[in-house]
Amino acid sequence: MLTEYVSAVLLVAGAIFYLAGTIGLLRFPDVYTRLHALTKADNLGLGLIVIGLSLQASSFAAAGKLFLIWLLVLLAGASVSHLVARAALHKGVHLWKR
Amino acid sequence: MSNEIYNIFLGFVVAWPLLLTIPALHTRLPWPCFWAIFPAAVLMILPGEAFVAPSWFLFGTGLGVNSEARWILAMTVIVWSMTVAVVKFSSEQTYNFRTPFFFLTLAGNLGAVLATDLVVFVCASTLMGYSFYGLLLQRRNESSYQAGKIYLIFLIIADLTLFDALLLAAFETDDLRFESVRQAMTSTADTSITYLWLVLIGFGLKAGVWPFHLWLIETFKYSSWPARLLLGSVPVAVGLLGIVRWAPLGGATYYIPGLIYQGLGIVALLYIIIRAFSRIQITEIPAWTIVAVTGLCNVALGVGLAYPSLWHKYQYLVYPLIALTGVFTMFLSYGLSRTKDESISSTHRSSLNMFKAWSENWAGLMQQRKQNIKTRFVLLWGTVVLKFKFLHCFQKWGIAPGVLEQQLQYWPNAITLFLILVIVVALSVFL
Amino acid sequence: MQTLYFALALFLLLNLFAGMWRILKGPTAADRMLAAQLFGTTSVGVLLLLAQASANTVLHDVALVFSLLAALTSVAFVRRAWLSKE
Amino acid sequence: MEALALLQDVFDILLGFGLLWLAWLALFSLDLFRSIVSFISFGLLMAIIWVRLDAPDVALAEAAIGAGLTGALFLAAFAKLQPASVNGKGSSINPQKQSSRKQLLRWLPALIMLWIASGLTIAILALPPHATGLTSEVTSNLTASGVSNPVTAVLLNFRGYDTLLEIVVLLLALLAVWSIGSSVPSIESEPGPVLDTLSRLLVPILIMVSAYLLWVGAHAPGGAFQAGAVLGAAGVLLVLSGWKLYPGLEGFPLRLVLTAGSITFVVIAILTMLVSGTFMQFPPAQASILILILEMVATLSIGVTLAALFIGSPPTDIKKL
Amino acid sequence: MGITFIDFPWAIALILLPLTGGLSCFLWPSVSKILGLVTVIGVMLSATGLGWLVIDKGVYHYLVGGWGAPLGIELYVDGLSLLMLMVTALVALGVSIYSIHYFELSYQRRFWPLWLFLLTALNALFLSADIFNLYVTLELMGLAAVALATLTGSHDAFTAAMRYLLATLLGSLAFLFGVVLLYHSFGSLDIAVLSERFESNITAWAAFGLISAGLVLKTALFPMHFWLPPAHANAPAPVSAVLSALVVKASFYILLRLWLEIFSQLDTDVDILFGFLGSIAIIWGSLQALRQTRIKLLVAYSTVAQVGYLFLAFPLAEKVGVTAWSAAVYLILSHALAKSAMFLAAGNLLRFGGHDRIADLDRVAQRLPITVAAFALAGVSIMGLPPSGGFISKWLLLQSALVQSQWGLVGVMLIGGVLAAAYIFKVLGRAFTQAPLPHEPGVVPATMEWAALLLAGGAILLGFFASEILAIIEIGSPFGAGEVKL
Amino acid sequence: MNWNAWIPLLVVASSLLPGLIIFRLPEERVRTRITLNLIGAFLKLVLVGWMLWGVYQGQHFETRLALLPDLDLVLRAGPLSLIFVSLSTVLWLVTTVYAIGYLENSPHRSRFFGFFSLCVTATVGIALSGNLITFLIFYELLTLSTYPLIVHRGTEEARRAGQTYLAYTIFGGALLLLATVWLYTLTGSLEFTPRGFIHGLGEEHRTALIIIFALFITGFGVKAALVPLHGWLPQAMIAPAPVSALLHAVAVVKAGAFGIIRVVYDVFGIESAAELGVMSPLAWLAAVTIIYGSLRALFQNDLKRRLAFSTISQVSYITLGVAIAGPIATIGGVVHLVHQGIMKITLFFCAGNLAETLGIHKISEMNGVGHRMPWTMAAFTVGALGMIGVPPIAGFVSKWYLGLGALEVGEGWVMFVLAGSSLLNAAYFLPILHRIWFRKQTAAWPHEHNFGNKETAWALLLPPVVTALMALAAGLVASAPFSPLEWAQLIAQREFYQP
Amino acid sequence: MNTVFLYALVGIGLFCLGLFALIVQAHLLRKILAINIMGSGVFLILVALARRTEGGIPDPVPHAMVITGIVVAVSATALALVMILKVTESSGQPEFPDEESK
C-alpha cells in the first residue's frame, strides 16, 4: 500500500516536471534556454515516472526495461540537445540577451 | 448460190467496211475506198432475198435484203461511189485523212439500209451518224466545228428520242422486226401515238425535216464538199427511210398526226420559198433544196398517216422516191459546191453566235454563278459576324476542347470531379 | 490507482498539446524540433502510464521503440534539414 | 469506476481531436517545416492511439516506421528540396498565391468533403456494434500456425502470400528509387564527437532491440516488420553519422541482402510446396522454425531496404552502370 | 511426387516465375536481358499450361497455404481471369522481345526487374480471389508502373509519373477503404464468401462507392483520365505499351469482378452513370486524340476512348449480361494486343525519326513497312473494323445495345469508331507522305519491328477465333448463368 | 474430298497469298513480282471459270468457317456472286498487266502491288460472301486496302484525298455495321437468301426495317457514290491510273453497288422491300445521282475528274435498276455492273496512257491526241460512246433493259432520267472525242515519253484495247451464252420467277 | 464500445482532411503528406472497427493488414519523395507545372 502511495507521489511529481518542461518550452525566449527546459522533462519527468512505475513492476526484468527506456531517452535527449545547440550556434542563431 | 453463203455475204457487206477501218487507222491510203463499196454493189445486183438473224447477235436481230431495200441500197452504192470517185480523182489529197470515218459511215449506212429490225437499224444509223460527224469536220476550222456541234446535238437528241421509241416498241412486242412492230403498234392505240411522235420527231431531227433543219443548213455550209455529196443520202435519206420503216404506216389511222405532218411539210415548203427569195446564198441552195424535198416527203407521209388506204395504194413508190432524193441531192450538191464561198451572212452569224452562247457557254455561266454565290455567302457571314460580336466565339470553338482538357489536367479540378463521381455513385445507390 | 494513471496520462497529454504551441510558433526550425522532441518524451511517459493502467507490459516495447527512434528524427533534422541553407 | 470510464473517454476524445488537429497542422500550415514536424508528431500520437485500440503490433510498426522513418524521410526530402528550388522561395508556399487562387476551388471541395464525411459516418455508424470478424478462425487455427501471436500468425502463415508481395513492394520501391536516382547530393559534414558516440551507443542497442522484437514476435507483439524497421532506423542513424558502406559490399552482396527476404520467402514457399503439396503450407511441426528463419532474413532485408530508401541514391556500383 | 503435367501448379508458377526472374535480374544485372526473356517465355508456357488445365477441367481453385477461404488467401481462375492471364503473357512476350534492343545497357538493368515485378503484380492480380490481396497487388502494380513510367528520365515524364503516382495511390486508398468497410460488414476478404454474405446495406453502398471510384480513377474513365495521357505518352515505348494494354485493364478487371460477384446484388443505377461517362470518354478521348500532334499522346488518348467502351458494358449488361460482358472482355483482349502494338510501333517511329510529331513522319511507310503495318493492323482493331478482335467486341456491344434499343449508346459507338478511324489515319496518312528533305533516319532493329507486328497480328487473329474465345470466357460462368438468348 | 467447298476460299486466296508475298519482296525483283501477280491472276481466272461452269450445271460451291458462335464466315458462289467475281477477276488480270506497264521504274512497287492484290482479294471476297457479316468484313478490308493505293503518290494532296476517302467510307462502314447488327438482333440470321429473309417479321418492326434499309443504303451509298455521299470519289482521282481504274470499274464503287443489290435482293427481297415502300425513294435517289453526277462532270477540265463524276452518274444506273424492282430492270442493273466496269476501266486506262505517255491530265490539253495515239483513243471512243449508250456498245444494252424494266412496272419517269443522262453524257464525252479526233494539236505535249515508233508501251496499250473490245463484244453478242446479259437474266430469273 | 466509433470517425476525419489537402494544396510534399494522412485514416478505421469483438481480444487480421499497409505506405512515400525531387529539379517548383501557371 505504501509503495502505491510513494509511486503515486513520484508519478505526480514526474508529471509536474513534465509541466515545467512544457511551460519552459513555451515561455523561454530562445532555443538554448528552451533546450534547458526540455531536458527537465526528459530527465526528471520521465525519470520520476519510471521510478514510480518500477515500484509497481511485476518483475525485475520489467523494471529493468523501464530503466532502459529512461536511459535511452536520457541519452537521446542529451545528444539531441547538444546537436541542436551546436547546429543553432553554427547557423548563427543569436543568444537571448535581456 | 446457196442460201447460207448468201446470208453470210449479207453480213459481210456491212462488216467489210468495218474491217477495213482497222488498217485505215494507221495508213491514210484512199485505195480501199472502192473495195469497201464493192460487196454492196455486188449485193445490189444479186437477185433474190436474203435474211440473217444470228441469235447471239445483239438481241437476236439481223439483216436482210429484199426488193424494197434494194432501191435504197442502189442509192447508197451510187452516192458512195460518186463520192469516192470525187475524192479519189480530186487533187486535194488533204481530204484523205479521214478514211476511217469514211468506212464507218459507210458501214453504218449499209447496216441501216439492210436492217430488218429496229435494233439493228438504230445501231447502224447511230454508227453512221456519229462517224459522219468525222466527215463533216474535214475542213477543221472553227465554223465547221460549230456546225458539227449543232449537228451532233441534233443527232443526240434524235437518238434519244428514237431510243425511247425503241423501248416503247420493245415494251409492246418482243419481236422487233419492222413488220411485227408495225402490227403491234396498230393494235395498241395509246402507246402507238407516243411511239409515232417519237419516231417522227427522232427521224425528223435526223433527216433535217423542217423545223429541225437548222443543222442541215449549217453543216452544209461549212463542211467540205465530199461530205456535202453524202449529206443528202446519209442522214436525210436514211432518216426518211427510218420513218417509213418504223412508223406504223398503213395500219391504224393517225389522222391528227398525219394532218400536222402534212401541215409541217407545207409550211416547210412555204418557208423555203420565202427564204429563197430573201437572202439565201448560192452555196446553201442544195441544203434548202434538201429541206424542201423532205418537206414534200413529209406531206406524203402525212397523207399516208392520215389515210392508210392511200398509203397502201402508193406505198411501193416510197422507196424509189427516197432513193431518188438521195441521188438527186447529191448531184445538186456536186454541181453547186464547186463554187467556193466561205462568206457567211450576218444574220447567220448572229444566229450562230446565239446558239454558241447557249450551247457552249452555259456551263461557264453556271460556273461563274457558283463562284458568285460562294463569295456572297462569305461576305454575308462576315457582315453577320461584324454585327454580332459574340459570334466570334463560334469561330474559335475549335480550341475549346484543348482548354477544357487543360482544365481537366489541373489536379484540383480533376480530383474534385473524382469526388463528385464518388458522391454520384453513392447517391445513385441511395436513390 | 488506475484512475490516477489515466488522470496522469491525460494530464501529460494535455501537456503535450500545450507543447504543440511551440511547433506552431517556431520561430526557428530548431524550436519546432525541440517541441517534437518533447512530444516524443511525453509520449513515452503516456505510454508507460497506459501500460501500467492496462497492465499490459507489451506497451513497454512500444515505449522502448519510441525512445529509440525519438532521437532518430532529431538527428535527421540536425544532420539533414537544418544544415542546408535556409 | 465511473470516473475511470469518463477519464478514458476524455482521453480518447482528446487523442482523437489532437490527432485531427495535428493532421490539420501538417496539411495546412503555411510553413512546410512546421507541417513536417506536425506530421512526425502525428505519427507519435497515432502510435498512442494504436495502443489505445489494443493493437500493440501496429503501434510498434507505427512507432518505428510511421513516426521514426517516415519523419526522417520527409526531413531529408525537405532538406534536399531547398537547394533544388531554383527561385529559392523556400519551404512555404507563397501566401499570396494561396489567396489569389480561386475561392471556388477551396469551398467546393470542402463542401464535397463534408458530404463524403457525413456519408461515411453514416456508413460506419450503421455497422453492427459487435462483430467478430475472423477472430475465431484465427484462434482456432493458431496452434497449427507455429506461432502464438495471432498477428504474426496471420502475417506469416495465414496470409503469408500477402506478406511476400508486400516485401516485394518494399524492394520494388527501392528499385524504383534507385532507378530514378537522386541527383541532389545530401550535404554531409563531420558528425562530431557527440553524434559519433550516440550512434556508437545507439546502433548496437537498436540492433539488439530489433533482435528482441523479432524473437518476441512469435508469441507477443513484434515481428519481422517492426524488427526490420528498428534495424532500418539503426541503418539510418549510421548513415546520418556519416558512416558509409564498404565499397566492396555495395554491389552484389548488398543486392543479395536486399533480396534475401524475398528469396527466402520464395525458397521456403517452394520447399513447402514440395513437401506438403501446397504453396506456402507450413507443416505444423516445422512451422515455427520456418517462420523464424523467414522472419530473420526478412528483418535483415527490410532493415537494409529501409535504410537504403532513406539514402535514396543508388550505390555507386549501380550508378555507374 | 507424381505431379503430372496437367497437375502442375501453373498458377503458382505464374506468380513465382516473374518474381524470381525479377529478383534474379536485380541480382545479376549483367544478364538481365536473358533472364528476363527466359522468364517471360516461362510465363507464357505457364499461362498456356494453366489454360489447358482450366479448359480441360473447368474452374481452378488454389488454397494458398492450404488454409482456405475466410482465413487464408485463395487463387481462383475462371475463363475471365484465364484470358486476362493469357493476354498478359502474350503482351509480355511481345514487349519483352521489343525491349531487348530498345533499352540501352544501363536502362536494361533498371527496366527488367521493374518490369518483371510488374508482371508478377499483374499475374497475381488476375489470380487473386481475395480483396485485400488485390489491394496489395494493386499497389505493387501501381508502384512498378510509376517507376517504369519515369524511365525516359525527361522532365515531362517525371511530372506525368508524379501525377500518375498520386492518382494511383489515391485510387488504391479509396479501394482499401472499400475493402475495410466490406471486411467489417461481412467479416471476410474472400470474394466468394463475401458474395454469399453480402447484403445490401448502407455500409455496403459506401464500400461500393469507394471501390468503384478508386478503380474508376485507376482505370482512367473520363473525367478521371487526366493522369493517363501524359504518363503513357512520356513513358518509354514498351512501358507505355504495358501501361495501356494491361495496367489500366487490371483495375477494370477488379471492378468487373467485384461488380459481378459482389455488387450485382445492389440495386443501383451506377451502370447508367458508367455508361454515360463511358460515352463521354469515347467521344472526348477520340476528339482529344484527333487534336494531338504527337503520336504517343494520340495513342494515349485513344486509350482513354477505348476505356470508355469498356464501361458501356455496364448499362448494357442489364438484360443481356453475358453478351455485354463478353464484349467488354473481348475488347480488353483485343485492345491489349492492339494498343501495345500501337505503342511499340510508335516507339519505332520515334526512334526512327528522333521525334514523334505526326506531321513530320517522313515516308515511314516505305522505310519501316513492318512498323507501319503493325500500326495499321492495330488500328484496324482499335477502329473496330473487321476482321479483328475489336470488331468482334464492337459487334457484340452493338448487338447488346440494339437488343435493348439503347440508341444513345449505339450512336456513341458508331461515332467513336469513326473518330478512331480519323485519328488513326491521321497518322497513317502522314506515313505515306514525303518530307521535302529526308533526314538521317535512326536505325530500328528488326526485333522491335516484328514484336509490334506480332502483337498487332494477334489483335487481328482474335477476330477469327471468336467462338473459341467466347467459349473460354464462359468457363465458370463469371457473368452468371442463364442468359436471354439474343 | 469435296473440293467444291474449298474453291471459293481458293479464289480468295489466289490473290491474297501473292499479295502477302509481294509485300516482302525487295523493290528490284521485278520479274518475281510480275510472275507472282500473273500466276495469281490466271489461277483465279481458271478457278472462276471452273465455278462458272459448275454453277451453270447446278453445283454448289460454298466455304464455311466459324466466326462467332452463331455466325459463320461464308463464301458461296451463286449466279450473282459469279457475275461480280468474273468481272473482278478478268479486270484484275487486265489491270495487273496495265499496272506493270504503268508503274515501270516508279518507286514503292512492292507496296503497290501488295495492296493491289489485297484490294482484289477484298473485292472477290465481297462478291463471294454468303452472308452479311462476311460481306461486311471484306467490305471494310476493301476500304483499308484501297487507302494506301489512293495515297500511294505520297503528296500532300494525295494524303488529303485519302483522308476524305476514309472519312466517307468509315462513316459508311459504321452505318453498315449498325444496320447489320440491328438486323441480326431482329432476325437472328444474316444469310443471303433469294428473296430475302425478313418475311417473318411482323408489322411492328416496319419502322425499324425501313430505318435499317436506309442505313444500308447510306452505308453502301458511300462507296456507290450516291449523291450526297459521293464527295470522296473525285478527290480519289489523285491515285495512279490503274488504281482509279480499279476503284471505279471494279472494286470500290462496284462493291457499294453490289451491296445495294445484295441488300435489296437477298436481304430484304424485292417484294418485302417494295412493301416497305423504300424502293421508289431509292430509285429517286439514284435518278438524282445520275443527273447530278452528269451535270458535275460537265464542268470538269481534269480528265480523271470528269471520268469520276461520270462514274458517280453511271454507277447509279445499277442502283436504279435494282430500285425499279422489276425483273427486266434487274437485268439492266445487274448487267450494268459488268458493262460499266468494262467501259469505265477502258476510259481510265486511256486517261492513264495519256498521262503516262504524254503527260496530259487536262481535257484542254487533249487537242489532236487521236493522231498521236490512235489505238488508245479508239478504245477511249468506244468507252465513251458506250457510256452515252450508243448502240451497239455495252452501255446500250444496260440502258435498254433499264428503260424496258421501267416501262414494265409503269415507272415512265425513268425514261426521262435515262434520256437526260444520256444527253448529259454526250455533252461531256463528245467534246472530248471532238478534241481528240478533230482538233489540231495546239501545243507540245506536256511531258512526252518516247516509245519508239509505238504510240505507247505494249503493256499500256493492250489493256484498254482489250477492254474496249470487250465492251463492244458485250453489246454486240449480248445474247450469247455466258455473256453478262445471260447471267443477269439468270439472276433475275432466280430472283423473280423461281419458286 | 464508443471508443471504436470515436476513432473510426476520427479516421474518416483524417481521410477527408487528407483528401481535401490533396485537392487544394499545390505543393507536392503536402500532397504526399495528405496521402499518408489519408492512409492513416483508413488504417485507423480498420483497426478501430476490429475492436468490436466481444471477447476483448481484437480481431488480428486487420492488424496484420494495417502492418502490411504501413509498409506499403512507407514504400510509396519513399518513391514519391524521390520523384518530387526530380520534378522540382527539372521544373524548379515542387508543384505540377500546370498548377503553377494558374
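Going in written order, the chains are labelled A, B, C, D, E, F and G, and every chain counts its residues from 1.
Quick note on the criterion: a residue touches a chain if its C-beta (ideal position, glycine included) is under 8 Å from a C-beta of that chain, and two chains touch if they have at least 3 such contacts.
Since this is a predicted model, take the numbers as computed values, not measurements.
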Note down the smallest number of touching-chain steps it takes to go from chain A to chain F. 3
Mind having a look at which chain is the central one, using mean CA positions? E
Please give the pair of chains with the highest number of C-beta contact pairs. D-G
Between chain D and chain E, what is the separation of their C-alpha centroids in Å? 31
Determine the centre-to-centre distance between chain F and chain G, using the mean Cα coordinates as centres, and give it in whole Å. 67
The distance between the C-alpha centres of chain B and chain G, rounded to whole Å, is 91
What residues in chain G touch two or more of the other chains? 15, 19, 22-24, 26, 45, 49-50, 52, 61-62, 68, 72, 75-76, 79, 83-84, 86, 96, 102
Per-residue multi-chain contacts in chain A, two or more chains: 72, 75-76, 79, 83
For chain C, residues that touch 2 or more chains besides their own: 16, 33, 35, 64, 68, 70-71, 75, 78, 82-83, 86
Okay, in this complex, where on chain F does chain E touch? 23, 66-69, 107-108, 111, 133, 136-137, 140-141, 143-144, 147-148, 151-152, 154-156, 158-159, 162-163, 166-167, 170-171, 173-175, 177-178, 181-182, 184-185, 188
Mind pulling up the chain B residues that touch chain F in the complex? 25-26, 55-60, 119, 122-123, 126, 130, 134, 137, 140, 145, 148-149, 152, 156-157, 159-161, 163-164, 166-168, 170-171, 363, 366-367
Chain D contact footprint on chain C (complex, rising order): 2-3, 6-7, 9-10, 13-14, 16-17, 20, 23-24, 26, 29, 32-33, 35-36, 39-40, 43, 46-47, 50, 56, 58-59, 61-62, 64-66, 68-73, 75-86
Which residues, counting only chain D, touch chain C once they are in their complex? 3-4, 7-8, 10-11, 14-15, 18, 21-22, 25, 29, 31, 33-34, 36-38, 40-41, 44-45, 47-48, 51-52, 56, 59-60, 63-64, 67-69, 71-72, 75-76, 78-80, 82-83, 90, 186-187, 189, 191, 195, 198, 202, 205-206, 209, 212-213, 216, 220-222, 226, 230, 233, 236-237, 240-241
Footprint of chain C on chain A - complex, ascending: 4, 8, 11-12, 14-15, 18-19, 21-23, 25-26, 31, 34-35, 38, 41-42, 45-46, 49-50, 53, 56, 58, 62, 65-66, 68-69, 72-73, 75-77, 79-80, 83-84, 87-88, 91, 93
